[in-house]
Amino acid sequence: MEYAKSIYTNAPGGGVKIDKLPVQRLPEHNVRLKVLLNGMCGTDRGIVSGGLSFAYNPQNSDKLIIGHESLCIIDEIYAESEEFKVGDLVVPVVRRPGDCVNCKIGRQDNCSDGKKHEAGITGMDGFMREYFYDSLDYIVKVPDKEMIDVAVLTEPLKNVVKGFEVFDIVSKRAIFANEYSTFEGKRCLVIGSGSEAFLYSMMAREHGFDVIMTNRHPIEDKKLEICERFGINFVDYSADASQITGPGNDLLIDTSGDPGTIFRFLKTLNYNGVLILFGTNGRAPPAQLNGNDIDFFIERNITVAGTVDAAKIHYIKALEYLRKWKYAYGNTLSQLITGTYRPEDLEIFTKKPAGEIKTVIKW
Amino acid sequence: MEYAKSIYTNAPGGGVKIDKLPVQRLPEHNVRLKVLLNGMCGTDRGIVSGGLSFAYNPQNSDKLIIGHESLCIIDEIYAESEEFKVGDLVVPVVRRPGDCVNCKIGRQDNCSDGKKHEAGITGMDGFMREYFYDSLDYIVKVPDKEMIDVAVLTEPLKNVVKGFEVFDIVSKRAIFANEYSTFEGKRCLVIGSGSEAFLYSMMAREHGFDVIMTNRHPIEDKKLEICERFGINFVDYSADASQITGPGNDLLIDTSGDPGTIFRFLKTLNYNGVLILFGTNGRAPPAQLNGNDIDFFIERNITVAGTVDAAKIHYIKALEYLRKWKYAYGNTLSQLITGTYRPEDLEIFTKKPAGEIKTVIKW
Amino acid sequence: MEYAKSIYTNAPGGGVKIDKLPVQRLPEHNVRLKVLLNGMCGTDRGIVSGGLSFAYNPQNSDKLIIGHESLCIIDEIYAESEEFKVGDLVVPVVRRPGDCVNCKIGRQDNCSDGKKHEAGITGMDGFMREYFYDSLDYIVKVPDKEMIDVAVLTEPLKNVVKGFEVFDIVSKRAIFANEYSTFEGKRCLVIGSGSEAFLYSMMAREHGFDVIMTNRHPIEDKKLEICERFGINFVDYSADASQITGPGNDLLIDTSGDPGTIFRFLKTLNYNGVLILFGTNGRAPPAQLNGNDIDFFIERNITVAGTVDAAKIHYIKALEYLRKWKYAYGNTLSQLITGTYRPEDLEIFTKKPAGEIKTVIKW
Amino acid sequence: MEYAKSIYTNAPGGGVKIDKLPVQRLPEHNVRLKVLLNGMCGTDRGIVSGGLSFAYNPQNSDKLIIGHESLCIIDEIYAESEEFKVGDLVVPVVRRPGDCVNCKIGRQDNCSDGKKHEAGITGMDGFMREYFYDSLDYIVKVPDKEMIDVAVLTEPLKNVVKGFEVFDIVSKRAIFANEYSTFEGKRCLVIGSGSEAFLYSMMAREHGFDVIMTNRHPIEDKKLEICERFGINFVDYSADASQITGPGNDLLIDTSGDPGTIFRFLKTLNYNGVLILFGTNGRAPPAQLNGNDIDFFIERNITVAGTVDAAKIHYIKALEYLRKWKYAYGNTLSQLITGTYRPEDLEIFTKKPAGEIKTVIKW
């Protein structure tokens, strides 16, 4: 049995440790991946805190190696491949399919029965370890080696790519664009100021929206600068909500998971508006909607779409967006990575570094 | 000036009277319609009670003739028409377009700026009167004269046709059908037991769903019989909610407008489930959602769609469904009309007759 | 081994015989179906004539039992079923899935690799026999026993239902409806006058098109009467093509498979027009298109869609259309069945009865 | 009256001259555009040769200023604008709307009645002149000044963006992607080797296709190098067609307009394949299809889509693709511009420069 340094928990109870743990190579595994970087996200911290009740260990194990955001390098290949070779930078796919109709067509992000698995979250060991084995079918190649400093953002960005695919589909129920077929004059409000809020804001800009990012507190100057370079307006709504509490949003994206915050901005949606629910916070306190709020959804033909995870195609598209943004915005893109830590720095699982957008672990 | 007996209010203040009021013929009016029947709906009662703040009188008027559900007969035509002739049974369209992109393509039901008008509701006189003038562009022909007893259901049913169009579009974000491409084994829960609940339930059956209709009280035997003939299961959830509080609904349709009731059933939605919000009740008390509820929407890729009104194409399709159902279900369809009243019976605006599904006024 | 009277060929060589042949019951078979009626279609005659090179016998067999259009009754069930019981009228599905992504989701009609099977055509025994075994997963229930005289049309009609689904999808590339959201004033030209031409014409009427059916020769008075009752205009274009050779068709549907005929009407397509190719005639002589024709497709944003077979969902919808039409058009629908023969009347495989719309075999 | 040096013809007769011609400023014109570059395309040469019968002069004029591909700079603005300012690089939109439903929503590229106008082609003066007046509603801003060397490709690329939008829509009729949701292993064959063939090939790469470009003759080494840098395989099918005459293409794109060439490759389409017709050549000789070819389209559920022009949204997206490609491919993108000429070099209208991909005129 091989062993590799691994960061793990005991799901769903929580906790976090680092140790040498066994590395399994299953029959379908035909590639060995050395981990270069892991991204840290709210889900990782949620698991460690014991706050994610749906997390669970692999079968017959009392440990779950955590981590689903990663950038890896191919160490060895045990199969013929025209696409991959040793030394390629790759990003492994988080969700692995079950047997439902959506899983069967590579859309385990839309799994119909919940029987899929998620690396580092539900029943499958994750990517926060020195190396692991996987199948070439579930890795995606980074198209350009110069992207080594930003490609760890692929996993969070792929969620955003899917989120906009969902928006594209559900918004087809009416004409969403203006009379010139464009999104000029359309506004997107993004709630939150973490990494997903930044990535959603950037994608909204890419789609032609005017974009406002908002949170209930001011953000650091560094974050403000990044917003400015991406053409995003930030509004601290605790200080001045006047810009955003009137009508005027065609697309509302929540990354907070907090009902009170979401509901606060509901009535800013225009006719045919869309609300994308992405952020989760299982411990968020309740908030109220009344009959008038329901009425508002109806009279305005509003659509609300919860969206989770993404498919392999979205990883590929995410990498293409990162490639473009890396060039178009110079080094601003890589500034989304606000801190790089060693695997042993386990305190980052329990204490969010100040000014964090994306914290990464370097192996 | 011509005068016709008309049922009117003073919006949004409310009240209801019947009197001879002037009948306007605008330049674009090329048909005179004699009203045979009006359907009564919650909106009419809401206007009369003063509870619909968005209702308003036509410009420069202190009266609003109410009524938007109707069956009419063409009395005179003032234009050449291959499609219409005197004596045709027709249903006039409620919403009239403004200038937005959706209105320009005949989709004023999806009006982007709220500048459309609605007969009997917002700034345009309605159909509860002996006769009125209209344009041939905004009337829809009943395809079969034998439908005279059910065609007054066209207007409420057209909302349902649109509701299912919205469902069809938004559910395309994942594969909704089973592995045999059908809806066998998919379940639809319809909240409410009024006319729209019946029509939504029937359409859900038509789409292949197993259908449960539910309300917080038992329903009359007559209603139960109708349910049985349409293959709808009714559950009084105050007595026994066990059948419907577990998971198992793929489509959830609300006709109550009550947040507390809607939220009660939210967590019965399956993965990729869809919630259609149709019923409005501006005075319904608030209810709560918490972080876990938001999480549920996200983890399950759930879509919520408010939907209001419908386009001319949906009136045409509604008439075709009524035609089919009239034959397929014998006289059960016409039993949805539970009471026929004279125009002078104004008490039906303030007191719902017992066992009401659809109350109509006969001129 | 059981034996049942069966009509068979030796594919792709051809010929037709009737004899007692063995009836296989495979492990997945949980229902026995007694055949009531078979419909005869061009494919059956093509196989018998040896003209369909793609037809082939089941593995290790020198016989192919033919027939894919049928109406059956459940004789015995060997499994628990809430949906089916002995005595139910059912229609078995023709195509059985392979392993591709489309097959996996019940859309073997869109099989990606050609590895599906078709009863009575490609590698799987068909339905022209006294009885056979099948799986409940591949049969569809006739919703109303009174449809016994028309339900044999389900199989050909299901192709039409899919054809219109394809039309609906491809026509979304532009706005196809008029400015009132309807198809009023839109015209559909259907080429051919056989059963599929009738069924496509009826479906086009159902969708709101003005419909012209055309062929190069006059049709029998009986067929003209049926056209009239369904609101279809028939034009014998050899006598007078003036009505249909100018522009004016928004949808063009071919059931002839003859390039010369199809190309003759190509330039009658309006902007954003759609051509559905459905009819096949492998022996049809070539016809020409030139640069101007290609240009016409491009300048007008025209779409051409070949469409074959259909999925289980389309059988279900076909049955619902038949149900409606049976009632709405009285006995006209059953008049599409122009001749009923005994299984032994093998001459109908080689000689088309005069005035044929649909010929059926009664067991 | 102002005058500007202009290149013009007398449509549809043809010919080409350069002279000072009057510059009209219409009431809706609120911007003056100085032309920097014009791209030359087959349509321009077709008009000059008298080969495009559909071209026509502006009303009451015997001259048509030609040119529809351009890069301009804003010279003066006569309105308030948050979006535009003097000095901005912009690309004007070619088609201007008529009154149909598609034109009303900014989709004059899908004009339903042919009553739109096209600058430099049908009834509206074009962009091959020193300067002209236009409306801010019909210009699109170049997002990055460094794109000055490639932005003249926006107009031809916008056609490609629409072509792929059409592909996306029509291919939804079945599952087109592989079982991992991606296009890995899907192949696109592009017929032609001119500028549109290159742009379509690049976009097919961007969508994840393996791409083969083919023509009936070898191409210059310079072109081969560009192909290689973009990951496009070129095949001279006159020398060796073995790679491309078997099955294997999922998407076939024609830029030749020649029926004989298109039909040669038809039968290489896979199941659910799509053929995009883009190239026009009104003088191309006829070629034949027979019954078997029609059968092939049907049995394989193949879709053919003619596509012309594009909407404002596609110009915006084209600019974003150019931005990405400029960075990702270094100076290879600008090498698509193979020759820069003076306005007086009128011989380029009648004689294609050797090795031409895109020829431009610099003012």
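Structure notes:
As written, the chain order gives the labels A, B, C and D, with residue 1 at the start of each chain.
In this text, contacts are C-beta pairs under 8 Å (C-beta built on N, C-alpha and C of every residue); 3 or more make two chains touch, one makes a residue touch a chain.
Note that the structure is predicted; figures quoted are calculated from it, not measured.
Counted by C-beta pairs in contact, the busier of B-C and A-B is A-B.
Ranking every chain by how far its Cα centroid lies from the centroid of chain D, the top place goes to B. Chain geometry summary: the mean Cα position of chain B and that of chain C are 37 Å apart. For the pair chain A and chain B, the distance between C-alpha centroids works out to 40 Å.
Under the contact definition stated at the top, the residues of chain D that touch 2 or more other chains are 101, 104-107, 175, 177-179. Every residue of chain B that touches chain D in the complex is listed here, in rising order: 101, 104-106. The touching residues of chain A, when paired with chain B in their complex, are 54, 101-102, 104-105, 107, 109-114, 165-166, 169-170, 172-175, 177-179, 254, 257-259, 262, 270-272, 277-308. Chain C contributes residues 83, 104-107, 137, 144, 175, 177-184, 206, 208, 311-313, 316, 320, 323-324, 327-328 to its touches with chain B in the complex.
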